[in-house]
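One chain, chain A, appears in both complexes that follow, with chain B as partner in the first and chain C in the second.
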Partner chain A sequence: MDIDLDGDEDFDSGGSKLTCPGEPLTSAQDYMRGHGTYVENEEVIASVAGTIERVNKLVTVRAVRTRYNAEVGDLVVGRITEVQPRRWKVDANSRQDAVLMLSSVNLPGGVQRRKLESDELQMRTFFEEGDLLVAEVQAFFGDGSMSLHTRSLRYGKLRNGQLVVVPPILVCRLKSHFITLPCGVDLILGLNGYIWVSKHVKQSDREGEEGFDAEAVYSNQNDAIDDFTRIAISHVTNIIRALATRFIPLSDTILLKAYEWIVEQGSDVKDLLQEDIGDALVAGITAIG
Partner chain B sequence: MSSRIEILNEGGFRSDGRRQYELRDITIDMSQQGTADGSAIITHGLTQVLVSVFGPREAKMRSQTLYDRANINVEVSIASFSTGERRKRSRGDKRILEMAATIKSTFEPVVQTNLYPRSQIDIFVQVLQQDGGLLQACINATMLALASAGISLLDFVSAVTGGVHSTSPMLDLTALEENDIPHVTVAVMPRTGKVTLITMETRLHVDRFEEIFKLACEAGKVIHGEMRAAIRLRTGMLISAMQSVSQNAGEKEDEQMYEY
Partner chain C sequence: MSISKAEKSYIQTGLLSAPPRRQDGRSLLDFRSIALETGVVPLANGSARLLIADGTEILAATKLQVQDGPLPQLTCTVTCSPAAYPHLSPAALDDVQADLTALLNGTLSRHRPDNLTILPGKKAWALHLDIIVLADAGNVCDALFMAARAALWDTRVPRTRGVEYKARKDSGFDMQTAPPDFELADYWDDGEVLGGRDTWPVSITLNIESSVHYLDAILQEEASTPLRLLLMYSFPGPILQGMRTIGSGDLSLPQIKALLADGEKYALELMQALNAKLSEEDVRRNQKARDRFEQRY
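Showing the complex of A and B:
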């Protein structure tokens, strides 16, 4: 009972089968159609270019490059695009802008505080258009757009760093998406393909137990960042860019390996954007593994 | 005009050395262009078109959002250096707007817009060189760009131009031939054989129409084969790049597990 692919010559070495839009996959009577497929004349037909995946009777096609498909509980990095009554609109590389309700953020003056009318009037003091934030996907609305929340001390406004955008498929699911590299750089790997690279913040500073420092959480001011850290941040962002253009999936281990390789080679920050050095980096980390 | 240039000589060759039904060289480049979600450059002979697709994403103008499906927005710009005589066309040029509308109506029945409610799909077409068959190149490049952006499509679309010189039909016309003989552009969905676009700007004798139409549909299948191969190559390349490291990473994670 395998999916028959007539005239399919190039089976990939990894066993993944490729398909293109409009290619019949199998009979609709024996299989159920999943994402990336549709049914016509009792046949399941692919609607995107990608790999065919099968779970029991369910046939899906996973596109290689696509926008972010959110799931509840995912960690995302986003940018505020609009301030609306009692909500912010957030660009999270998804098909529609996500919504961050005023009721799903932590406000200064305690975690369990009630939202007042005055909070509604000063929403721009918390998040303004263009601000970056890290949040979690909370739920979906009827039209498929997602609702975010920042009800954790780990979530909130981002500063002291730089944003890199990669295809969402390259961000692997990890145990933790908050990564600290030994070079004094913190990474937030948003599952939507937005990656935040910033100066390392000490664990003790981050989790101020009861004294939730509102000033710091919604501050727009960067801390002083020394030259070494600035260079390290640029190194890491360029590593991510180099890996993403070569379509290498990003995980904590790979980034760590890549950074070690760079230090070993002693390459300059801007070298990484050169074609040959980037290729050497990829060859280097695949060889070490 | 037609007295000076010989469209089809006695040996059955055209002005660029092709046979009647021969298509021009097709090259396809599907590499990433900037921050676009999907992009493709297609070359039919000397005609070259670059298409970048953004989306589905939040519509820039709220008035354009449709509650039950995505809105497709096509913008065409023709480089002033793309033709023999240098000429700047404004964005509001009637011909350009018409071409954008044609591309939009070609893809509206093909893109599964109902999967992306309240969003917008932006298609930016940039004409880099033109030597006939402009619309066909635009449609083919848009098809490839949409596929590389991972947008759900019911089927492929492949377009080709056909023309007729006295009584002999020809395919994939150059600018020289397009100026001289009646021609028609056909876009077909190769799996079902459905036609999503058929357009002509010149008068074509009704007795010749069927012959050209059938030929163009056949040629569409040939172009489909080329585009399909290009997409498969690109997808295969990306997937093997992803697997090259992820397998190693898997092993590494196992090692780490032991360490803990």
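Showing the complex of A and C:
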């Protein structure tokens, strides 16, 4: 089956077209092949399952299931895998481990400060293996791996909560990826598909009184978390899992709606693990919207 | 999998609080939903695919081979897909495989189904059980044993009969007392089930976090729990077929006794649920075969 790409309205309408591997997309004479396609017999053919995109004469297919493709400025949640001289290796669900340089984190004793040899010797007091952090993509290296930075008071080590992993394509780009739900739960939607669900902490507490408090920022200690918050965190986690398994894109509004639906239904936390409740949730929130 | 100190402490505090809270809202003794299908590998004598809540995925298959000599032991091989453990180096992956293989072999190879002999003392079916771990989202040991049990349950042993070619009477040679060779009684017949197929053990993993224990841990929970106690029970009995502790914690004898009593209870429930599902699968597959047959003729 040939897909007609000649009508421009196909691309402008916003309704994305799905394709699957092996499907001929268009003629290779008129169009250039982009990522996710190859040329055979003068035809551009999809090599992955996903949505067809076109920029002028360049046809690409964005894969549905893929690793995270980073862009500069993206907010990601990552996990430290290795401590190396003057840098950390970070697993950010990308094809290669990301790099966090010692020079791109906030060091104790002031935001603007040169790194010292003593900092190099105590890198594990900032981040050690297994630690989760939220960071921003700063730049790319020559080999395509990304460099992160945590030079903002909102970025840094994560605590008081749990991690959920979803396919990266499901995380929408939002105005802010730091979301606070009214149930006392903070969400950090990493564009790499790692989502941190945690207890709500006031902005001022997180950053410390003096602007930057290294003790608080690099602490491994959780705050006291009450039972209600714990249940809410589990609820939100299960909602995210239920939506992700049914391939619903995650945004702040959808999550809020889903949480309201759950509260309305008065269902227990573990109910969402059941297939039919998850289906009902999706049906419920898509019907409202 | 390594997790951060904050995550670890979050999980531990949750488990020890009253009432206990787990990450996904399950109670301590709740299992995730398990999907099981038998007969998934056409070329195997028995096979099963097991999936725990879209996470842990195991494929198990058995193969029967004719072997000379007395009845051989069951041999198990566990292979882990590198995709299941992306953070492990190939050498570390080999270690995991060897570990799981030893665990399974040590427990299962003692069982000898009674209908694997073809010609007593001469030929027998050698039973090989091959298992692939396709994905690991926690509790891989219990899943392994369940998948193994399902595949062995599903195994059909071809019916055979001894054959003997005798020279004519007048030649005077008739020394053979037992038939030297065999043939398949019916080529098209799958055969009979393994003897004692409901006595294969099930495993239950008790994750022990100081005073409490819980079942069916997810990966993060496994990483934050100091000690795991694996108990392999077979029924009826119950007979404790194997036991193993994994982790750095320690247990006192009275604790172990209490855990054994609890483990037995959970294992019995697990076994009953598994048997019910396997019988259902048998019905489903036989029904399907019959329907297909009826459609054809």
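Following the convention adopted for this analysis, the second predicted complex is superposed on the first by the 258 of 289 C-alpha atoms of A that agree within 3 Å, B and C clash if a C-alpha of one lies under 4 Å from a C-alpha of the other, contacts with A are read in each partner's own complex, and residues count from 1 in each chain.
Convention: contacts are C-beta pairs under 8 Å (C-beta built on N, C-alpha and C of every residue); 3 or more make two chains touch, one makes a residue touch a chain.
The structure displayed is predicted, hence computed values, not measured ones.
Applying the stated clash criterion after superposition on chain A shows that chain B and chain C collide.
More chain A residues lie in contact with B than with the other chain of the pair chain B and chain C. Contacts of A:E264 after superposition: neither chain B nor chain C is touched. Of the two partner chains placed by the overlay, neither chain B nor chain C lies in contact with A:E42.
Contacts of A:T245 after superposition on the shared chain: both chain B and chain C are touched. Contacts of A:T237 after superposition: chain C is touched, whereas chain B is not reached.
With both structures placed on the common chain, the touch criterion links A:T81 to chain B and to chain C.
In the overlay built on the shared chain, the residue A:N220 is in contact with chain C alone; chain B does not reach it. In the superposed three-chain arrangement, chain B is struck by just one stretch of chain C from 128-136, 164-172, 182-190 or 254-262, namely 128-136.
Comparing which residues of chain A touch chain B with which touch chain C, the overlap comprises 81, 91, 245. For chain C in complex with chain A, the touching residues are 2-7, 9-11, 13-14, 17, 19, 21-27, 30, 32-33, 53-54, 87, 220. Of all the residues in chain A, the ones that touch chain C in their complex are 79, 81, 91, 129-132, 157-163, 220-222, 225, 227, 230-231, 234-235, 237-238, 241, 245, 268-270, 272-275. Contacts from chain B toward chain A in the complex involve residues 32, 35, 37-38, 55-58, 67, 112, 116-119, 147-156, 189-191, 228, 231-232, 235-249, 251-253, 256. Looking at the complex, you find that chain A touches chain B at residues 10, 12-14, 16, 18, 20-24, 36, 38, 40, 45, 47-51, 63-67, 81, 89, 91, 95-97, 143-145, 165, 169-170, 172, 245-249, 251, 253-254, 257, 282, 285-286, 288-289.
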